[in-house]
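The same chain A turns up in both complexes below, where it pairs with chain B and then with chain C.
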Partner chain A sequence: MSSPTPATEDIQTILAEHLHLEGPLLPILHALQEAFGHIPKAAHPLITDALNISRAELHGVISFYHDFRDKPAGRHVLKICRAEACQSMGGTVLAEATLAKLGVAWHGTTPNGAVTVEPVYCLGLCACAPAAMLDDRVLGRVDEERMGKLLAEAGA
Partner chain B sequence: MKIFVPMDSAAKALGAEEVVAALRAAAPEAQIIRTGTRGMIWLEPLVEVEIDGVRHGYGPASPEDVADILNGTSPKALGPVEALDWMARQTRLTFARVGVIDPLDLADYEAHGGLVGLRRALEMAPEEIVAEVTTSGLRGRGGAGFPTGIKWKTVQEAKAPQKYIVCNADEGDSGTFADRMIMEGDPFTLIEGMVIAGLSVGATRGYVYLRSEYPDAIAVMRRAVEIARRAGVLGKDVLGSGRAFEMEIRVGAGAYVCGEETSLLNSLEGKRGVVRAKPPLPALEGFLGRPTVVNNVISLATVPVIFEKGAQHYADFGLGRSRGTVTLQIAGNVARGGLFETAFGITLGEVVHDLAGGTATGHPVKAVQVGGPLGAYIPVSGFNAPLGYEELDAHGGLLGHAGLVVFDENADMLSMARFAMEFCAVESCGKCTPCRIGAVRGVETIDRIRQGDGEAVPLLRDLCVTMKDGSLCALGGLTPLPVESVLDHFADEFLPRREAAE
Partner chain C sequence: MKDFIIPDDRDMGTPARVGAPVTLEIDGIAVTVPAGTSVMRAAAEAGIQIPKLCATDSVEAFGSCRLCLVEIEGRRGTPASCTTPVAPGMVVNTGTSRLRKLRRGVMELYISDHPLDCLTCSANGDCELQDMAGAVGLRDVRYEAPENGGLANHFEARNTSGEANPAWMPKDDSNPYFSYDPSKCIVCSRCVRACEEVQGTFALTIEGRGFDSRVSAGGAGDDFLGSDCVSCGACVQACPTATLQEKSIIEMGTPDRSVVTTCAYCGVGCSFKAEMNGDQLVRMTPYKHGKANSGHSCVKGRFAYGYAHHKDRILSPMIRERISDPWREVSWEEALSFAASRLRGLQAEYGQKSIGVITSSRCTNEETYLVQKLARAVFGNNNTDTCARVCHSPTGYGLGQTFGTSAGTQDFASVDHADVVIVIGANPTDGHPVFASRLKKRLRAGAKLIVIDPRRIDLVKSPHVEASHHLPLRPGTNVAVVSAMAHVIVTEGLMNEDFIRTRCDWDEFQHYAEFISDPRHSPEATAMLTGVDPEELRAAARLYATGGNGAIYYGLGVTEHSQGSTTVMGIANLAMLTGNIGRPGVGVNPLRGQNNVQGACDMGSFPHELPGYRHVKGAEVRSIYESLWGVEIDPEPGLRIPNMLDAAVDGSFKGLYCQGEDILQSDPDTKHVAAGLAAMECVIVHDLFLNETANYAHVFLPGSTFLEKDGTFTNAERRINRVRRVIPPRNGYADWEITQMLANAMGANWSYAHPAQIMEEIALTTPSFAGVDYALLEEKGSVQWPCNAEHPEGTPLMHVDGFMRGQGRFIITEYVPTDEKTGPRFPLLLTTGRILSQYNVGAQTRRTDNVVWHEEDLLEIHPHDAEVRGVAEGDWVRLASRSGETTLRATLTDRVSPGVVYTTFHHPDTQANVITTDFSDWATNCPEYKVTAVQVSLSNGPSEWQEDYAEQAALARRILPAAE
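Up next, the complex of A and B:
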């Protein structure tokens, strides 16, 4: 997940690509986060101008959704499912052990910046629980050994 | 040699990509076709090899099994896949093609009955299309079970310059994965269903609001829409009929409440996903204030088969007012988990003991949560309940999206009740006070019970009533359901006998 310093032109280009859509704000925010790893502060006035919405409205939307970040995450994002099906297969123990091993709390990033750990409520992998996702890679029947390997791969 | 390997994310999560790499290395001349999953997740990755025109299964396969699979000596051979008990016992209507075809091959889709329904609908008047859906008895598969035909009729009769079809693909309930499976395994059927919906109500634009937690489904759906557009299934001139329908995939942003239709519409418009009061119904004032059909993925994906085989054929399956098939998703602590499509009416016990084969851990079953995080925990004593909308209701349950999560005897039921409240506190949109604040107080009250304070029980029950009565949507309104079911059925676990008896 790269986080180059966002240039105004790059932000404007992303905005221009989406303004024709009906309800363009979420697609814009996703595109900005895809490009910069977070929603840069510098984009806020450009978005509010382009969509004719207030700063409060924009802040309201960004802060409402779990996905949007105001600063970059670690190089990898590990999502561990906390939902019921995963709990029935020991998901809670796995999550707690992983957090303890990395020495972070939920939403925390390892000191070397390699991995950010986030809770997720269901990845649709409920018949092969417990489940997790490292960036866009889905993982089923995760145990501590497999988690250890993954974290090592991710450089945590 | 033809080899089929699923690209469904459950198969990938269990190592399908590694198996495919090993197959390519060992048999470079073989034709490897990626499919959806058959739904037998305990057998994934399930490799199928075509022998004399019949597909033979091998699973669960690992890269080490590849050599034996290719030379026909694998101990993981299962025989012809269609003859497996799990497959043979199903009535696959909605999921007929999933696991069978290449999800992104439109010709393969057509060769298996695809587009027959749409071609038939194009010959029909809009009223006839709605009548067909009504006759089929199809009800919303997202959870509420509202008759689809009535919803379509309302939108059809509304006068407006623009109407919309919105597919609710924000399947956030734990234990449910049918939406994901069909979007990854047979995306054209959802597209076809949306086009038919558009023809019937006079909508020319559609959106699929797809949760961001499903990156594979997003990728498959986006490619399928492009392919359908190039083939003229979508666009200004649907299959040369002169009728228009265009659609787009939109990605959610991690808010569970956006699975509620009015929150979803707000989110699609670029707002906070806050619930709207009803009325006005979305059917009259939905996306951007225009008449909008909001249907779940499975409801829309079932429409093509209704038009292909006829409404009566579909309605002939089922029980009471629950017509057609239900796509059970068997999950959690089970020996055999996966998707099983069958006529309504199968009992919970049959599903858990017979189909699922009991728990994965081998310990006795304690409870099944039916219908996601807002569904009741049903104890073993309730396993004679037949699965149907009204039938489960009578047992204090909720069929919801037909996901079943099984727990063994080690489950701590008070923790599950606490989690229901905690989840509601995290995911509440904040509009209704009983949900926003009540969920937080619920967690605290359950913590008091955990510490042995029996007097907190009536308080928790009272809070549940307030949340049910005072919340606009199902999140605040149904979170009490799992909590109350724990109090009703499992109180002796955490209360001294005297309080448990009250």
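Up next, the complex of A and C:
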């Protein structure tokens, strides 16, 4: 949660590694998020300068992808599927109960910084709906009980 | 678009293409269009308007709205006509029942998220969404808000229970001229694309995705004013709804008719439609068929016309005995007879040559012609000069000497064919923004750019544009840099020998080549002087010589030097050496400062030249005018502006008629100008406002704006554009009428009833204008001189088969350093320029909302220079030169190199010209504004001169209440 402000040199290093690519913007954004858990505001002028694009263009790209963050997430990220198949299999109820239990809204992070909850639209697990994803782990047939275990595991 | 606009002004949907003809059939009509044309545009050519929302012909097709679907025989589905190119033999149907149903469905979805407040909407009657809803026959919207889940729309601020709608965003009114109302947005992206493709600023984007997509200026949290937006109006022009709307339309309503006229700001000379609602001007929109601007505009021409109705404008003539008296409003008769008798009295006492005129580069050709005629035919002398003296007189001289014409060689459209562009001593994105947009478009398409400028101007690096080479030279070393480039081209054998042999004087070239090959001109030898990296300069010279079509664009950073004319010749040499003359995409192009500075020069404003650049010494030329005017013309050249002022101080020059020009603020060495004006006994200022010069005037004749008169302006590409009267003159008379009345009060017997008659006289007497008349201008829209029997439709490109003077002439360009030198007392070099939102001395733009972008002149100083002087951002600093001193605020930036400081001259409180010296171009007396040795130090407030000046100005501007 409380990562130090990224140093300009570190951002520049990441930029330099990607500038040779064709269409380097998305790889740069991914690399920044990988390194810092989010895309630091301090990186914006460095990116626009390096790629010679406007800040509006950068904003357009970052805001198009929901997975790019402007601040770090909690230690774990829980994604709950809200697409049609999961909805029809109780996904909505599961999501509402989970949010209520944690006392957060979508995209919110628990006060202890353990878990950030995000919506996701289809994890490709429709046959095992309702589905969720905790960090890199995809999970099928998640009910409230299983969710409780997962959250406990994550320290929420 | 609505039919109050000129009929052929229809939106064709997608841009025109150039290509081999392709014939297809649309709704049974055969139509032939160039290959690459969209089906939508082909249909429009055939008179069929396919419904559309996201397409407009100023930007490339986008294919997002799905309203323009068509059926094509032999193809599956219903492709979008905007993104589908035509093919030979294609058979297209645009109105089948299947298409109608699809379109109605699409429209229903659009309208489900759009307020139905058409009657009170500012775009009522001028809304493409409204038009399309009508065109597709939408009668019902079945979509409703979800029963328990919020509003699911973007346009209602609250639901019926009073809960806020999180998707609703308030209006952004931060821009003074237009508002952004997100609740009306249909996210067609036309604004975003116009900002990118037309203007080239990339200030807008679509943020988010899907239902959350919104137009956003800048990044998160920016508003329009805080973003990179330059307020050019392209987005507003492209918007099909009331989302981006001029505030003037919101206040006054939509227009019912329009008049095509020409902008009165810079030398680009954009064509505009002045849109009227009754007798009120409600909006200026760029005219698509204007050949200088092709439907684009900048913040000045598009929005900054409010000065015509500013409270400072003077509408009655005024006179006073002495400049210490307050002004007295009088009738036109009294003012003119006062002026006439004073001028005649001065001539009787001090001689025929004791009075003169200054013509205006902001007035029309016809008006300028009359003012110089006043001097030559009525005063009986050649004491006429114009503000081109202080800007592009070296262009006239330099290009006249080398090529044979005193003007640029190309039209603006030529830049679309350039491969390498050199911009030298110009800042087009600020000074000539509409041309800059065209240039940037070409650069984005792959042309290379070389910038030669002491400052890192925006073109050096801005989104999607980057100069291959920036040569940040020391101010005053232009000749050395241009010569070094020529040295590289000649010594490395990169010149176009064929061109030189066939088009130029070979002997002169030999002589020149010998001169320029001398190692003292090499980039390495001159680097100490110019501060330019020799390798970078060599690379730039090679690029220009070998990169394909090479075009040079230059501005006042070239001319306003003690060697201004030499640099112009040096530039001409570069173009001749490389054969970059006489075809599209090449050439030597001065970017002229004022709307009609080209015209003012053409019309014989200079003391040594009759109209058409013909020397007064030529008896045969004089005889043309002598027989027509029935007077004898003085064969001796008259006085230039600086000579007039010197003569005034000496006591031999006593009276001046100054039309539309503020010499006190714009001319160098303000104190000397003030002393000259104060020494005169009759100064007549003919202007819109009590300008700074008027503080020293005895007669004030109120002028008319470009909206209030007929005439023509000639832009930087020699294009003669019509100016048309939009509203009656608020001061009672157009400027040409006032000059005529003054002439008649002095005994002339002029009887022009319309500017068209003045143009007839110009055409009759000036060979390069022989074919110009108002009927031709009506027919063609505009025409580029020379326009005569040889070129009946004008001349977009000059020197195509040969130079106007016969053979191109290489002239030796010896670098002579200016006498203005830095030293221990004045260690920094000051150079001056302008910014986008303001124009010249600011008389017009300071009286508009443009001041939100620039409320005062700032001194740009490099952080190193600032640090050693203890200057921080925003501090008041004293700027002193050998001539004088002033104070202004400092801003720290590395746009300027260490040792160089920069400021603008838009505000009279700053009076940057108190600082500038009276050094000037050796050939033309064009002042050396661009180089002044200065010192900068911290200061507490205004200098003594500023205080004295403010006091004098306040005193001089008193107006007595009108006598009953």
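Just so it is clear, the second predicted complex is superposed on the first by the 152 of 156 C-alpha atoms of A that agree within 3 Å, B and C clash if a C-alpha of one lies under 4 Å from a C-alpha of the other, contacts with A are read in each partner's own complex, and residues count from 1 in each chain.
The rule we apply is simple: contacts are C-beta pairs under 8 Å (C-beta built on N, C-alpha and C of every residue); 3 or more make two chains touch, one makes a residue touch a chain.
Given the structure is predicted, the values throughout are model-derived calculations rather than measurements.
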Chain B versus chain C, judged by how many residues of chain A each one touches: B
First (chain B), second (chain C), both or neither touched by A:Leu26: first
Which superposed partner A:His44 touches (first chain B, second chain C, both, neither): second
Chain B versus chain C as contact partner of A:Ser54, first or second or both or neither: second
Partner chain in contact with A:Phe64 - chain B first, chain C second, else both or neither: both
Chain A positions touched by chain B in one structure and by chain C in the second: 57, 60, 64, 66
Complex interface listing, chain B residues touching chain A: 9-10, 12-14, 41-42, 44, 171-177, 179-181, 205, 212-217, 248, 250-256, 267-274, 287-288, 329-334, 337-339, 360, 369, 373, 403, 405-408, 411, 416, 419, 423, 426-427, 429
Residues of chain A defined as touching chain C within the complex: 44, 48, 52-60, 63-64, 66, 70
In the complex with chain A, residue positions of chain C that touch it: 201-209, 216-220, 222, 227-228, 461-466
Contacting residues of chain A [partner chain B, same complex]: 21-27, 29-30, 51, 57, 60-61, 64-68, 79, 83-89, 120-129, 131, 133, 136-141
